[in-house]
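By letter and in written order, the chains are A, B and C; residue numbering begins at 1 in each of them.
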Amino acid sequence: MNNRSASAAQSFTGVLLALPLLLFLTLAVVWPLAHLVAGAFSDTGWTALRQVLAAGRYRTALVNSLALSAAAAVCSVVLAAGPAWVLARERFRGRDLLRMAISLPLTFSGVLVGFLMVVLLGRIGAIPEALAWLTGRRMFAGAAYTVAGLFLAYLYFELPRAVMTLESAFRRFPRELDAAARTLGAGPLERLWRIGLPLAAPALRSTLAVTFSASMGSFGVALILSRRFTVAPLEIYTEMTGFLNDDVAGALALMLALTTLTVDRLLSVEKR
Amino acid sequence: MKVHVEDVSFAYGREPVVSGVSLDLPEGGITVVIGPSGSGKSTLLQLLCGLLHPAQGKILFDDEDVTGVPTERRDVGVVFQSYALFPHLSVRENIAFGLKTGRRRFSMRSSRRRPSRRHLEERVWDAAALLSLERLLDRRPAQLSGGEQQRVALARAVAPRPSLLLLDEPLSALDARLRRAVRTELAALLAKLGTTTFYVTHDQEEAMLLADHLVVLDHGRVVQAGPPLDLYRRPATPFVASFLGEANLVEIEARPAIATPGRVETPFGSLSLPEAKSRGWLLVRPEDFTDDPCGAMATVLDARGMGPHDRVVLQLEGGTELLAHFPPETAPEPGSKVRVGVRQRRPHFLNGGE
Amino acid sequence: MRRVGIAATVVLALVLVTPIAITATGAFSRAEWYGQRSEGAGVETTSALFHYVLDLWSGALLRSVQVVVAVVPLALLLGAPAAWAFRRRPFPGSRLLESAALVPLAVPGVALAFSLIQTAGRAPRFALLVAGHLAYTLPLVVKSVTNAVETFDPCLERVARSLGAGPWETARRVTLPLLGPALVLSSLLVFAVSWGEFNVSFLLATPLLQTFPSALYLTYTTNSFPVAAAATLVFLLPVVPALIAIQLLGGEEFHRGLPT
């Protein structure tokens, strides 16, 4: 067997093994998403898309989703960086237990997070009750249902994600580079600025992408907590099941998916 | 700068790594520390540059106690075993790194100031020229070969003109052929720089070639220190003898020859061994054997031409095996009998043994 | 510096765990500090409470179990061989297919669920539900298996072939054992994701097909706090051991796809 036919045979094995995945992705991901895009170019779809993009409830929902997800992503990365560094680089008793505790919320579906926020900051939540008992004044009751509550809930499920993603990046960080910078006379801040941050930049960006995408898709949290403040996934659901308005739901879903994918791609692009 | 290490100890947890080490690095000289892996030589290097701090003992730079001074203020240059080049910086930026750091501002040596921009470029260029890196200045470390990375690491360490240069097995990542070539260049370069240098290696040839002062380390302790050839010829222990080159250690009882004080009867005849006191080992290097009609009778077990010399395995009558180097193409046939003696003045006696 | 860092980490862990702890006390406390148990006189004790919850949501629990039982093996079968092929038998377009497999991670579940209903609405709903779960779990399988394939020496497979093992024997005696930990890790991740998936399930499931997270939603909006808390604990019961196992196997890198 000569080289070319050998490599052809190898490719063939590869195709054969990947074929089920290819079929599945075509049927369950590519085709539906293509249909979603094509739907926007039908007459009714086009009208719906313009309706979604015009000022009003739908556009507000999209902008809300974008703003809330971006804020939660940035805040979670900022807050997670320290603990992630500690988990990755320090050795101390109880570290594994801490990591376990922090990663616990990773498995919670959005509704559960929403519920936990109600437990904490609902109309008879733990925090207002505790404050009432301590100070005699009931504060923050029902805060769970405000924008702030929604933001905190997003933060709650993004923080573990950010800590875990950053930790695995920090763990791959070569310790010797830090030592090398020290021998060349760089102090702690100089090392953070000139070595730590530039090297962490890809990890920070990909963590932003992870947390942002997860927030954009989050539906359960808003379903439980959202009152006046609406987000895109919630609008899609309402249009689809409540008003049976598939064109608007489709246009919204398209815009939501496009925004998320674009931001994800922008953040994941490797800078040369 | 001269460096004085006084009774320094360090342990990882309960495991002692360096125990009571004292040494002096001569000013402007190259001190090579050699030892098997796990002997504590890299740890010693990290103690010198301040990446680790001793549990006990003192480190003096020019009579100034630097034991508690952090690395960034110690005015050292380090070449790491893995080179530790900054992957996000070009070769130029890697070399310039140490010229731009805050060390200049709070250095122990007040004469050093942060160089001006033009001056900085000159310094980078000088360091690059010293190591023939001029044409690689805009590359990233990932785009360099192993040998080139090694040179960048060296250029980066010497560019700030440190008072003490520390090298941690800098050639161990290179393949054997390249290592031999770089070794010679490195020796010339270090001689030219004239900086006090501390060099860690486990390679005996490297040590012999580079060292002004050789320190043998084992289990965290200094076993012997001195000029390299002295250590080779007059090792203090069988460990040093066999760690530095190939050694035949023939165990004998040192009975003084009656007629001539200072001479000892050996299988190779009576030899002048004034240091011999009791039972111990006679050290004979493979190159020290001679053809001697009055020497010991030995059977040739194996003989092989190596090029520069013939490698011959001999067996004495008592069963002791010896390794001998004969001049090229003079090896006797395996199975034949020869009489071998030992070059006068060369053999060395190590007291001790059971 | 170090102490401050550790303290901050401890605080973060406490903040994240406290709400769960409050919820758990809610399920086990008989005090009525969160209002009346509206479900009647039968749920006075903790065990009665859990019986009541299990009874109420037995259908949804069963459905979730069915989905998980279908999704875990399917995800492995679809994902693992393809992931191995991406690294060991690459073919034209394999890079593209690999990145296509990761796309769902950046597509909101609601959007994908909506488009699935639009295009394949006539397919059996259970199949759609499984497909939705697969879309969000396959990326995890592909990632962890490609990672594992990258870390073992391709020579090992060639050595096996040179020693006379055929492709099947090589797969069975060399490749599969070496990928074992990654496959176990993938199964656990797929299980954890599928068990908690809500975004896709809620839209794809008809009222009779509700999975347990959807039942949680109903519980949270209609039942009293102790019932909701007990249901939450029932939900967490299988997930926490899985999570611990994932941690032990070193799966932190794949958390990207876990549900929200």
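By our rule, contacts are C-beta pairs under 8 Å (C-beta built on N, C-alpha and C of every residue); 3 or more make two chains touch, one makes a residue touch a chain.
Quantities reported herein were computed from a predicted structural model and do not represent experimental measurements.
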Point to revise | Graph separation of subunit A and subunit C (steps between touching chains) | key: 1
Review point. Which chain pair racks up the highest number of C-beta contacts?
Key: A-C
Check your understanding: Approximately how many whole Å separate the CA-defined centres of subunit A and subunit C?
Key -> 16
Point to revise | Intercentroid distance (Cα basis), subunit B paired with subunit A, Å | key: 55
Check your understanding: Mind pulling up the subunit C residues that touch subunit A in the complex?
Key -> 2, 5-6, 8-10, 12-14, 16-20, 22-23, 26, 33-35, 77-79, 81-82, 84-86, 88-92, 94, 97, 100-101, 103-112, 114-120, 131-132, 134-135, 138, 142, 167, 192, 195-199, 202-203, 213, 216-217, 220-221, 225, 228, 232, 235-236, 239-240, 242-244, 247, 252-253, 255-256, 258-260
Study note, to complete from the structure: subunit A contacts subunit B in the complex at 174, 176-177, 179-187, 190, 194-195, 198-199
Check your understanding: Which bits of subunit A are touching subunit C when the two form their complex?
Key -> 10-15, 17-18, 20-22, 24-25, 27-33, 35-36, 39, 79-80, 82-83, 85-87, 90, 92, 96, 98-120, 124, 126, 129, 156-157, 159-161, 163-165, 167-168, 209-210, 213-221, 223-224, 232-233, 236-237, 240-241, 246, 249-250, 253-254, 256-257, 260-261, 264-265
Revision key, fill the gap. Touching subunit A in the complex, subunit B uses residues 49-51, 70-78, 80, 82, 84-88, 97-98, 101-104, 107, 156-157, 160, 166
